[in-house]
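You will see subunit A twice below: alongside subunit B first, and alongside subunit C after that.
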Partner chain A sequence: MRELELYFGPQHLGMVGNFSITLNVEGDRIVKATANPGFLHRGFEKLMEQRTWIQNFPLVCRINVVEPDHMELIYAMAVEKLAGIEVPERAQFIRSIYLELARVGSHLFGLWAYANMLGFDTVANWAMYHRDLVLDLFEEITGGRVYHIYIWPGGVRRDFPKGFKDKIINTLHTIGSCVPDYDDTFFNNRIFYKRSKDIGKITHEEAKRMGAVGQVLRATGMKQDIRKIEPYAAYDQVDWEIPVRTGGDAYSRIWVVRDEMIESVRMILKLLDKMPEGEVYNKIPNPFKWNIPDNEAYVRCESSRGELGLYLVSNGENKPYRAHFRTPSYNHGLTILEKALENESIADVGNIMISLYITAPEIDR
Partner chain B sequence: MNHTGTSLKENLLSYFDDILVEISDEHRLTISCKKDSVITILSSLNRNGYNHLALISCVDWIKDNELELVYIISAYTEDSEKGKMNILVKTKIAREKPELLTVMSIYENAEPYERELHELYGINFKGHPRLIPLLLEREYEIPPFRKDFDTRKYVQDVFDKIPFVEDKKGRK
Partner chain C sequence: MISISALKPFKAVKYLFIKPKTIRYPFELKEPSMRYRGFHLNEWDKCTGCGNCADICPNQAIQMIKIPELESKSGCKNERPQVDYGRCCFCGLCIDICPPGSLKLTRDYFHIHFDPKTFVFIPKDQETEPEKYVSSEKYSVLKASLSHRKRDYDGFVSDLKYALFEPKRVTMPIIAPEKRKLSFIEQVIGYNKEEARKEASRCLECKLCEEACPAHLKISDYIQAIYEDKPEESLKKIYEDNPIPSICGRVCMAYCEDACSLSIRGEALSIRWLKRYAADTIQDFATALELNPGTATGKRVAVIGAGPGGLSVAYFLRLKGHNVQVYDALPGGGGTMRTGPPVYRLPLESIDKDVHYIRSLGVEFIFNTRIGKDVMFEDLLKGNDAVFIATGNTKSRSTKVNNYEKCELALEFLSDNKIGKPRKVGKEIIVIGGGNVALDVAREALRLQNIQHPGENAAVKTVSLEDWDEMPATREEIREGREEKIQFNPAWGPKEVILDNNGNVKGLLCKKVKSVFNGEGRFAPSFYEEKEMFLEGDMIIEAIGQVPDFSFIPDHLLEELEFTERKKVKVDEMGMTSIQKVFAGGDIVNVNLDAVTAIADAKVASEGIDRFLS
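And then the complex of A and B:
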C-alpha cells in the first residue's frame, strides 16, 4: 500500500492545543510520527532574563495555561533557595492545599478533553462544571480564575478568607459525591475500555528509557512521585498513597488520573484538619532593589503532569541570569508520543495524545 | 550531608582524576569536568542507577567567552535516599564553533534537548541523527538565546520596517 504523509494539527479537529504531528500513514496505520512543536514558542526563558525577580511572576504562570500554580510554586521555590528565604508553616499548608486544588482542577480539565474526544459529552460537561467550582474557589482567594500569582517568595500573598475552609469542604463534597456517577458513565463503561485498552502502550523499560514522569510512568507500575521523594510544602505532614497501575496503556493512564484526583481530595481534607495558625508570609527585601547573590539552584516539584523542574542561575544582579524549565510534557510530547503512535490507527491519535497528558505551551515555553 | 552523596563522590573521584566534585547542597552534587569526559561520566552514572536525564541546559557566560552545559541527572528508584539525589554534570566549551558529542546513546530522551540547544545556542552535537529546527521559525545570525543577541535591535529591525496604518485610511 502507498505511504502517504498526513499533517495532523495544529488546525485539526482532533488536536488539542497548538501542536502538530506529521504522520506517515499506510492506509489507516501510522508508520512513523514526527512531532512538530513551536507554534506557541514565546521565548519566556529569554524574557525572564530581562525582568526583575518579582516581575517574572506574571510570566512564569503563563508557561502552562492549564495549571499555572505549579509554575508559580517552582519559581518561588527556586528564588527562595537562591535568596535563602524561609517559609512559615501555615503558608506551607496553604500552598499544599492550593496546589492540590489546582491538581484536581487540572485533572478535571484533562478528563474533559479526554471524555470529549471519546464522544462522552455528558461526562465532559460534568468535568468542566466541576472544574469551574474549583476555579470559583481560586477566584475568591486571589481574584483571578486562571492565573492567580498567589504563591510568592516567602509564603503566599494572603491568608484564606473567613469561612473559606467550609467552602473548600463543600466544593470537594460536591465533586466527591459525583465520583460514582463518573464511574458508572465513564470509567466502568465498556466503550471507554474498548477504545483505550492496549492503545498507546508503553512498557516500563521504555518509559524509563525515554524519560517518562508522572502518570505515564505510574501507569507502568512505578511508584515515583516527587511529593514523596523530595517533599516540599506540607506533603510530608499527612499520609497519602501514590496511585499506580500496571497496564502502561491509555486505559491505565486515565485510571491513574482518576485515582489521583480522589487521593488529592482526601489529602486536602487531611491538610485542612492539621493546618496550624500563624503568619502566611515572611517579608522579602524591597523587590525594586532586590539583588540575589551569585548562585544556582535546581528545584523540582510534582505538577499534575509529572516532574517539573527549574534550573535558575543568578549572577548577583536584580534579574535571573538564566532560567530553564524542565517540563513534563517535553519528553512525553516529543519522545514518547512518537514511539507510542507507531502502528496505531489514525483515529487513536487524539486518544493517545490526550492520555499522555500533553500540553503544547509547556513544550514550547 | 547524606551517605549516598558522599559515597558517590568518593566513587567518582576514584575513577576520574580530572574532575571536580562538589556537594553544593543537601542532595545536590555538582560535577565539573572537561568536555571529552562527559560521555564517560554520564555512562558511569547511568550504570550506577542514575538513569533519568531530567534536563540538558546551557548557560552563556559571555564574559568568560564560554558556554556551560549542564546535564541534570536523577534516578528512577524507590530507594528514598537515592531518589533525592540530583546530579549536575557541568562542562564548559568555547563560544566559537561549539561542538560536543551527543549523549543519546546513554539517555535516549536527550534528543529534543540537544535539538533545542543546537537551535537556541548554536551548539553542534556530533552524532545526533536529526539536528533539525525544533521551535523556531526563522534562522538568525546569532543564535537567539545567546547573551549577545540584541532583542531590542531585532524588534526594531523587524517591526519598525513595517509601516503604520495612516489615519487617512478611514480610521478616525
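And then the complex of A and C:
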C-alpha cells in the first residue's frame, strides 16, 4: 500500500491546541508520527530575563494556560530558595489546598477535552460546569478566574476570605456527588472502554526510558509522585494515596486522572481540617531594590500533568539571569506521543494525544 | 470494580428534567467576587502621582500623565496614572505597590467600544467623576463601559499587610530618656551598616522627596548607593547639592520625610539618618569625594557668616574656581549650627568635619572677625568682586512683659552652653516659647539641672501660646521632650514676670490664650485676660524667635537695601540684593529659617555670583 504524508494540525478539527503532528500513514494505520511544536512559541524564558523578580509572576502563570497555579508555585519556590525566604505554615496549607483545587480544575478541563474528543458531549459539559465552580472558588480567593497570580515568594498574596472553608466544602460536595453519574455515563461506559482500551499503549520500560512523568508513568504501574518523594507546601501533613493503574493505555491514564481527582478532593478536606491559624505572608523585600545573591536553584513539583521543574539562576541582579522550565508535556508531546501513535489508526490521534495530557503551551515556552 | 455497561450511560437522561445551570446573560448576571480584579479606580485626592504603579507594571500599561488642572505641591505631583487596557493584564501589582492605597481594582469589567482610543484612560473615582458612576439600581449591563460603572464597587484593593513595600522603618537606636537627660551625650546613636542598608532598601524611588527638598538633593540616588553598600558614591551624590552632610544628617528639618510616599500609610524613610550614616561612615571626605577646585578665575568673593548658607556658597564658588574668604565672628564654622543646636543633637566635631573639608578645598576662613567692627563692610565691598551676606538671625526677641529684663535670652543661653562657659541654672526653669529653639533650651536646661543639681527636685516647664496641635516645634522634639519629663503648658501666654522682695525671679504669671492666629491665618494672639495661672520658677528663658542684626552695614547702604513685606532681604532670581554686587541668602532671606533652605539659597546665589563675575 502506498504511504502518505498527512498533516494533523495545527488547522485540524481533531487537534486541541496549537500543535501539529506529521503522520506517515498506510491506509488509516500510522507508520510514523513526527511532532511539530513551535506554533505557540512566546519566548517566556527569555522574557523572564528582562523583568524583575516580582514582575515575572504575571508572566510565568501564562506558560501553561490550563493550569497556571503550579507555574506560580514553582517560580515562587525557586525564588524563595534563592533568596532564602521562609513561608508561614498557614500559607503552606493554603498553597496545598489551592494547588489541589487547581489539580481538580485542570483534570476536569482535561476530562472535558477527552470526553469531547470521543464525542461524549454530555460528560464534557458537566466537566466544564464543574470546572467553572472551581474557577468561582479561585475568583473568590484571588480575584482572577484563570490567571490567579496568588502564590508569592513568602507565602500567598491574600488570606482566604472569611467563611471560605465552607464554600470549598460545598463546591467539592457538589462535584463529588456527581462522581457516580460520571462513572456510569463515562468511565464505565462500554463505548469509552472500547475506544480507549489498549489504545496508545506505553509499557513501563518505555515510559521510564522516555522520561514519562505524572499520569503517563503512573498508568504503567509506577507509584511516582513528587508530592511524596520531595514534599513541598503541606503535602507531608496529611495522609493520601498515589492512584496507580497498570494498563499503560489511554484507558488507564484517564482512570488515573479520575482517581487523582477524587484523591485531591479527599486531601483538600483533610487539609482544611488541619489548617492552622496565623500569618500567610512574610514580607518580601522592596521589589524595586530586590537583588538576589548570585546562586542557582532547581525546584520541582507535581503539576497535574506530572513532574514540573524550574532551573533558575541569579547573578546578583534584580532579575533572573536564566530560567528554564522542565515541563511534563515536553516529553509527553514529543517522544512519547510519537511512540504511542505508532500502529494506531488516524481516528485515534486526538484520543491518544489528549490521553497523554499534552498541553501545547507547555511545550513551546 | 470495573463494571463496563452499555445501558447505565442512559442514566444521564435524568438531567433533561433539571433546571439548566447555564446563566442566561444578559438577563441573568453573575456577580463578580469581592476581590475581583476588574477595571481600575483611582482616588484622585489620595493619589500623590508618585508613579510607583507605572514603575512596577510588567506590561508598561501604566503611564504617568501630567494633569494641568491639578496643583503640584510638596509630596504630591500633578501627575496621575493612565492605564492602557490593550496592555493591562489585571495582575494587581500596581495595587499592592500603591503607597497611599488610592489605586484600586473594581468589579467592573465591561467595555465595548468602536474607538480603540477609549481603552486608554485615566482612572478616576466616583467623587471626581460622579456622572460615570451610577447606583446599582440605575446600572444597566447593556450600557456598561468605562463611562458607565457601578458606584461603591471596589474589588481588589490595597492591604497594608500584603503591600509590596515595608511601611515600618528600621528603628533608630536612641539613648533612653532617663539616661540621656543626665548628660550631653548625643542621643541618636546612628545606624550601623546592616540597619542602614535595610532602611535604604525601603525606598521606592518615586522622588517625591527630591521635589520637596528646598535644595533638591538627589535623594533616591544616594539612598540607592547606601543600599548597594557604596557610601562613597552616596556621599558624592550628596555633595553635588549639599556640602554639609554631617550637619544636615543630624538637624535637617527633613521636608523630604514629610513628602515621602511611605509616610502616608506608614513611616517615612529615614532620609536624614541615612544621610548621617553616609557622612559618618566616611572618615576622610577628601579621598572619598575626589573633588577639586575649578580652574582659577582670579575673582574674589567675600562671604559674611560661616553658617550653612555661607559654607555652601563658599563651597559652590570654590568648585567654580573663585577665591573665597569666609568671615565669621565665632571661633569656628557653622554659624547658628555652632551655637544653637545642643551638643546632644549636633556635636561640634560633626560641624568641624564639614567645615574642614570645605577649608581643604581652598576656602579661606577668617574666624573671630566681626564685620563692622574688625573689618569694615565697605572695605569688603571695595576689596572683593562680590559679597555674600548670610548672617542669619542672631538676636533673640523678647516678650517685653513686665520685668522682662530679668529673663535670659535663648540664643545667648544656647551659645554659652555649647561653645562658652555653661550657665548656672536654677531648680525650676520656665522656658517661654513653643518652637524648636524653645525645646532645645528646655532640654538643655534639664541636662544642666541634672549635672548641677543631681538628685534634687528640679523641673523644667515650657509656656507656649500655641496648643499641642499647632506648636511649631517638630513632633519628634515634642515627643522626646515629653519623654524627658519636661512640663508643657500649651495655650498659655506670659503676662508678667513676678519678682520676690530681693528682686529675684519668683515665677511667671500666665494668661490663657484665646487664639493664636487671626482669621487670615496671621500671627495675632488674643487672650482671656482674666484667666490666669502662676508658674513658680527661679529662672526664665525667653525663646520666642530671633531677628537679624544688620548693624554691620553702614547706614547709607542699609537705606539702599530693600526688604520684602515679611521684613526679609529682597533678592532677585540670581540671589542679588538691591545693592550692586551684594548677594544674600539664609535666614535673612527666606522664611523657613533652616539649614537646608539656606543651602538652597546658596545654590541660587552661587550660580548668580558666578554669572555676575563672568
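Keep in mind that, in the parts below, the second predicted complex is superposed on the first by the 365 of 365 C-alpha atoms of A that agree within 3 Å, B and C clash if a C-alpha of one lies under 4 Å from a C-alpha of the other, contacts with A are read in each partner's own complex, and residues count from 1 in each chain.
Simple rule for what comes next: a contact is a pair of C-beta atoms (placed from the backbone, for glycine too) under 8 Å apart; a residue touches a chain by one contact, two chains touch by 3 or more.
No experiment lies behind these values; they were computed from the predicted model shown.
With the C-alpha superposition on subunit A as described, subunit C and subunit B fit side by side in the combined arrangement.
Residue contacts after overlaying the shared chain place A:G27 against neither subunit B nor subunit C. Of the two partner chains placed around the shared chain by superposition, subunit C is the only one that A:Y193 touches, whereas subunit B remains out of contact. Shared-chain residue A:G278: touches no atom of subunit B or subunit C.
By the touch criterion stated above, A:K289 is placed in contact with subunit C alone, subunit B being left untouched. The vertex angle at subunit A, taken between the C-alpha centres of subunit B and subunit C once both structures are aligned on chain A, is 80 degrees to the nearest 10.
Of the two partner chains placed by superposition, A:G119 touches none, neither subunit B nor subunit C. For the pair subunit B and subunit C, the model built by superposing on chain A gives 9 Å as the shortest CA-CA distance. For the contact definition in use here, the subunit B contact set and the subunit C contact set of subunit A share no residue.
Subunit A contributes residues 51, 54-59, 122-123, 129, 136, 139-144, 147, 149, 157-158, 161, 181, 184-186, 188-191, 193, 281, 283-289 to its touches with subunit C in the complex. Put simply, subunit A touches subunit B in their complex at residues 37-38, 41, 43, 45-46, 50, 81, 208-211, 217, 222-224, 229-230, 297-298, 300, 307, 309, 311, 313, 321-322, 324, 326, 330-331, 334-335, 364. Those residues of subunit C whose C-beta lies close enough to touch subunit A in the complex are 2-6, 8-9, 11-12, 15, 21, 32-37, 52, 55-56, 58-59, 89-93, 96-97, 105, 155-156, 159, 161-162, 164-166, 200-205, 224, 227.
The part of subunit B that touches subunit A in the complex is made up of residues 25, 27-28, 51-55, 57-60, 70, 72, 76, 78, 80, 83-84, 86, 88, 107-109, 111-113, 133-137, 144-145, 151.
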